[in-house]
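Quick one: structure below, then a few questions.
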Amino acid sequence: MMDDIDLELFNKLEALNPDIKTCMACGLCTATCTTGKFTDMSFRKVILMLQRGKDKEAIEKVKSCMMCGKCMMVCSRGINTRNILLSITRIYNER
Amino acid sequence: MNEHKILIIGGGPAGMETAYQLKKLGLKPVIIERSDKLGGHLAQWDRLFPASDDAEALLEKMREQCIDIEKRLNTRITNITKENNIFHVSLSNGNSYDADAIVLCTGFDLFKAERKQEYGYGIYNNVITNAELEHYFKTHNDERINEPKKIGFVHCVGSRDVKVNNTYCSKVCCATALKQACEIKEEFPDSDVYCFYMDLRMFGKGYEDLYLKAQKDFDIKCVRGRVCEVSENIEGKLVIKAEDTLLGTPMKMTLDLLVLMCGMEKASGIERIQNMLNIKSNADGFIETRDTFYGLNHTKEEGVFVAGACTSPKTLPDTIAEARAAAVEVFNYLKDNGQQTFSLRF
Amino acid sequence: MRPIFDPFVLPFVLGMTFVLLYCIIGMTRIIFQLPKEDRRKFVRSLITPKTLWKDIKELFNDCLFHVKIWKRKPLLGYMHSSIAFGWFMIIILGHMESVAFSPFKDMQLPLMEKMASNLYLPIFFRFFAIEDASLKAQIYCFLMDFFLLMIISGIVIAVVKKKKPKNVGLKRVTKFGIREDLVRISLWTIFPLRFLAEASIAGITGGSFLTEFIGNKLIFGGSYNETLSLILWWLYSIDLAIFMFVLPFTRYMHIPAEALLILLRNAGLKTTEPRKGYAVAEIYSCPSCGLCIDVCPMSEVKDNYKNTAVYFIRNIRKRKRRRDVKNMTEKCLMCGKCIEVCPLGIESLDIKMAQRAKTYYKIKSDFSYLESCKDTESQSRQDEKSLKTVYFAGCMSHLTPKITRSMKSIFEAAKENYEFIDADGSICCGRPMMLTGKVKEAKTLIAKNTELIKKSGANRLVLSCPICYKVFKEEYQLDGIEILHHTQYINELIETERLNIDRSDKRYAYHDPCELGRAFGVYDEPRNIIDNIGLLTQGKSDKDMSVCCGGSIGSLTITLEERDEITKNSLKDITVNKPDEIVTACPLCLKTFARLSPINVKDIAEIVNENINVS
Amino acid sequence: MIVEGKQKIWADYQKDIPDDHYFYVRSCIRQSFFPGSEVTFLDITRNKLGKDFYESAYHTTCGGIAYHSDSIPQETAMTIIARQFALMHESGYENYVCSCITSFGCYTETLETWHEFPELEAKIRQYLWDSCKKEFAKPKYLAHASDIIYKFRHEIARQAKYKLINAKTGEPLKVVEHIGCHYSKMFPSKGFGGAEYPHVLVGMVEAWGGEVIDYPERRQCCGFGFRQYLIQANRGYSISNTHKKFESMEPYEPDLIITNCPGCPYFLDRWQYVIAEQTGKTYGKNGYGIPALTYEEVAGLVMGYNPWDLGLQMHQVAIEPLLDKMGIEYDPKAKYKGINGKDLGTPINPINIKLQ
């Protein structure tokens, strides 16, 4: 149930990185992902999962990121994906 | 002997623009409108996508252009017969016309939201339609809209849905939804607004900008997934279910207000006129045009023309463009056939 | 006979004592904050003749003559060296003069008094000594006046610079607070006051062309007013005291700090902690000159000049809130241009990297999935022992298949026995991870790549991405494996005639990628290649002055809009001489430019491939 | 809630079924789950309403459970159904009424399929002949047994001794109605009230004095869902589904659940016990559950049948609080006595849910 989700951390993330809002889920970030060769990393899904309160699954994905920045290079909305990933590792807790 | 005219059936944007252009071409159009004023659906709308332009200003301009044009309001067609390329048209007010050509500008009906029973329109208090929201923007008078905190928009209600026999896309709902989402967010800045879409079909000029604006400036949350059912909880709030298809997980949430983006359907009662003129419908129920490219303003019946959303869902710019094209087509038809109206004038 | 003491010297004596103590304590602290190994290195450098000689040379060149500034902006160079060298000479000559002509030479004074008098005598010599008519004394007088004039001329330029920075070739100068204004005014007034004080008394105690003939005769009409003169000497002393008391808390601290920095740097030390040891020496050495403001690519965007190196260093020095420093650190593109122009060569990027390494990330990376990653087997490898070269394209090059395709075709044309080790996807080189401050995590990636490359049995590694190149050069330990960027490799192929190139009359502009050019000085190889292919046009700022393309992954927080401004500005510089095509040697630069460039942008490998002579 | 909106839909979805002369077929599992229900149905229709409901001893399963758990192919299921139709035909009846919702769904699906694909009907006709040497005629009318009670709900109300009203307070009882999924979800027009807002049970409850509550998970399956329960490994889905429904209806404090499907009262009843034992939570007041009854049982209670004759002791959730509310007199000692007075044995008391 979406009503019970605590989005405090996500709102913090969104305030720091307002460009998150403009994602249109085209999937370029996932398609180009260097880590994606080895894991099911998907930046697009990470953001959605955090939005839907699935923090744990999202964090598992974030942990595998190599920070290469390819997703940032290809993003058609110009979202600073790399810094958002970094922000996540600062804001969210590994539980 | 009746005066020879060009009869325009329907006084919405398509009818008004066709009439105005015909008049400019030196012909004598008559608008037959069943309601008591010109404007059609445009008169119900407050602002227009993509840039939230004032609907009334546009309507005023169109009405002004029609000031000198002969109109028959509160009037219905009772009978049409065709003889030697002349249409004898009887009206409900007892009058009749001889027309050299007829332009059908009968527009569309909004999908009746109660037909999607699972959305509970007419059953749950806080389920409203796009038209009702537009009416609220105009009047600010709707007790169902009371400081909502969470608002949902369901796209494609009555469109792209074999379960209501409408498999086509209504074309205008995506942009309308995002426009209305921004507007309601502007009105209730503390609210969370969700748009449940299947595809965001932002095809026109400025539509993609509207999408970006909705996301960036208004924080409209677009969820890819159709709402499957709506119910009411004990507090009278709406509980909706959908799938977040981008994540592949079902989601359930409580909303204070749900707006159904009703699509376009063929206008009710149009079959009656179609039968009089021997004109068929296409697979979507709208009036069939002669072909898909060159004959868009023509029906298969000589002398019967079409413009606007009576042939398929259309945006306003599309409608206006088609109305202008129809006027030219009528003009050419009359010229080529040496019709009376034409010879009178030239 | 003049008195041997006057109370007006007291402010100066106190100021001098304060500043000396402050510097000694500060220096000791810095040295003690150094890691043990670094401290040992430092001591060793001081007793090694070679480094010692280097120390001395640099102290003169940099601290006194400001050779680097001369080279870039002669007028500014003159301003600095006239004040620094002039002042230095006045102090030296003052001491020599006071030793040679001390009025107390023959007096029997208690030791303490003698020492104390030695402290102020050289400074206020003219007050205490009476002119000696000897030629030697005349020469001293002349030299002292000469250098005083030199200093005053420098100060005049400084005043002009302050009023109209453009006259000395600067668009923007650093903005300062009241304290800095105070110290600046006190510095500017020291020598005019000295001139007035000396001139006022020159009728009695003598002087040379400046003090006696211009000063005394013209200003004071050749007369001597004891009260007025004493007031001037008091002002001079107080001014000196103000300068010295405020100095440690202002940018002028760079005067003593720079000397220490030179010694530490020559000992081979580097920043390891952002707010300790070597970094402190660097931070205090920053003169806030602001040369880095104009060159910083970020200054293109309004208000972003506040993130330039000079303000970053100032914030650290002021112990500003951690968050401000953090934001500045993360915004930086890490292009290194500020270091290139820094007259003191302050390695602010090292401080930023050290600061980034302090970031606390609650979620730790987990690369355990790499353990199961199989060695990238290559079908084309027939005999392992004969394999000479491996090619590692890197993540970014996978976004620019024209680079990898061109490289493949160049390898084939050169009949190279090579293996494309990351043909179906790389493990990131670790540099982007380093830039986020996650050094340990980066080391994991480095280890994995090292393992894969070593397994290949090659003795050469060719890279296409300068980002990779930097980390491979600096962090990888691939003993026995030569690391080359493809510009270097292709250049070698051309020079050894393994690759024949056709010439055309196309005009190419070359953009130096930051991490290839400034970081490693790879300037000639690409230019040599282009010379073989077509005509190389000059950009407005080439080589070490090349402007970052804007795409740098060095910056974590910069927005796309800001990047675009930088890119446009960089493109403007590159295309100033109307080239037909822009050539670069970095996939990131290529992709970044391609978005906004009005003309074709190509990688150097691409133009080489286009012009291979097949016959 | 806008009642007029629902009434409009109810008016739109009315089906035409005859008053009398039905061939009645029982449900496989209801007979063992709630054995009083079908007996009561026949007693009410035959004796209280005076209608003709005929049963054949040769009737078998419809094959629905096997079909829905993928054990038999559609042709097999259809042949079984064809045989039932043959029995009806042989008995001289044209109207077919079944007790089971699964069967109702299968019959509807079969008839609709034959309508769309007549060649399949011909094929099945051949199969039936080959296997049983029987010939069938399709029923003229197909009804579910709850349709019959719905149709006569007002007559039953007239004969009622009790109402779905709290005898002490005079307040209507709050009733959750739960429709079997296969009643109208597959073919909305085949059910009274359609698929979204079925009226078949609502009509009964309202006619008998109760008040229906519309809660968010009303449309959700009871938790049986064939594969969810029949495959042991999937039973977690079954119970979590049921749990979801109870969590959703809890705030309304329902007094009673009325159902029209074999599986629903069973799962809504039994899982309450399991949920209580797992989580300690009960959904009725004072440690009781919410009674989940079949519509025949509710009709029987309203008409004054002895609760134990209706088989209400076969429910896991104690029925007594409901009987007390309705003011129905009963003999607590007789609860675990069979019809012949023989002791049925007493269940062991669970920890978290009261049984009496």
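We just call them A, B, C and D in the order they show up, numbering each chain from 1.
In the analysis below, a contact is a pair of C-beta atoms (placed from the backbone, for glycine too) under 8 Å apart; a residue touches a chain by one contact, two chains touch by 3 or more.
In this text the structure is predicted, and so the values were computed from the model without any measurement.
Enquirer: Chain with the smallest distance from its CA centroid to the overall CA centroid?
Expert: Taking the mean of all protein C-alpha atoms as reference, the closest chain is A.
Enquirer: Measuring centre to centre with C-alpha atoms, which chain is farthest from subunit B?
Expert: C
Enquirer: Taking the mean of the C-alpha atoms as each chain's centre, how many Å separate subunit B from subunit C?
Expert: 67
Enquirer: From the mean C-alpha coordinate of subunit A to that of subunit C, what's the distance rounded to whole Å?
Expert: 37
Enquirer: Provide the C-alpha centroid distance between subunit A and subunit D, rounded to the nearest whole angstrom.
Expert: From the centre of subunit A to the centre of subunit D is 49 Å.
Enquirer: Would you give the residues of subunit A that are in contact with at least 2 other chains, written as numbers and ranges?
Expert: As it turns out, subunit A has residues touching two or more other chains at 19.
Enquirer: Multi-chain contacts only, two chains or more: what residues does subunit D have there?
Expert: Counting only residues that touch two or more other chains, subunit D contributes none.
Enquirer: Among the residues of subunit B, pick out those that touch two or more other chains and give their numbers.
Expert: If we look for residues of subunit B contacting two or more partner chains, we find none.
Enquirer: Which of line, ring, star, complete and other names the graph you get from chains that touch?
Expert: Topology of touching chains reads as a line.
Enquirer: Identify every two-chain combination in which the chains touch.
Expert: A-B, A-C, B-D
Enquirer: So in the complex, the part of subunit A that touches subunit C is made up of which residues?
Expert: Spelled out, the residues of subunit A in touch with subunit C are 19, 32, 34, 37-39, 59, 62-70, 72-74, 78, 80, 82-83, 86, 88-94.
Enquirer: Contact residues on subunit B for subunit D in the complex?
Expert: Checking each residue of subunit B against subunit D gives 114, 117-118, 120-125, 229, 231-234, 236, 239.
Enquirer: How about subunit C: which of its residues touch subunit A in the complex?
Expert: Going through subunit C, the ones touching subunit A are 330, 359-367, 369-370, 373, 395-396, 398-399, 424-428, 432-433, 435-436, 438, 445, 551, 553, 556-560, 588, 591.
Enquirer: Under the touch definition given earlier, write down the residues of subunit B that touch subunit A in their complex.
Expert: Residues of subunit B touching subunit A: 200, 211-212, 215-216, 219, 221-222, 224, 244, 246-247, 249, 251-254.
Enquirer: Quick one: in the complex, what on subunit D touches subunit B?
Expert: The touching residues are 1-2, 4-6, 8-9, 194-197, 214-219, 248, 251-252.
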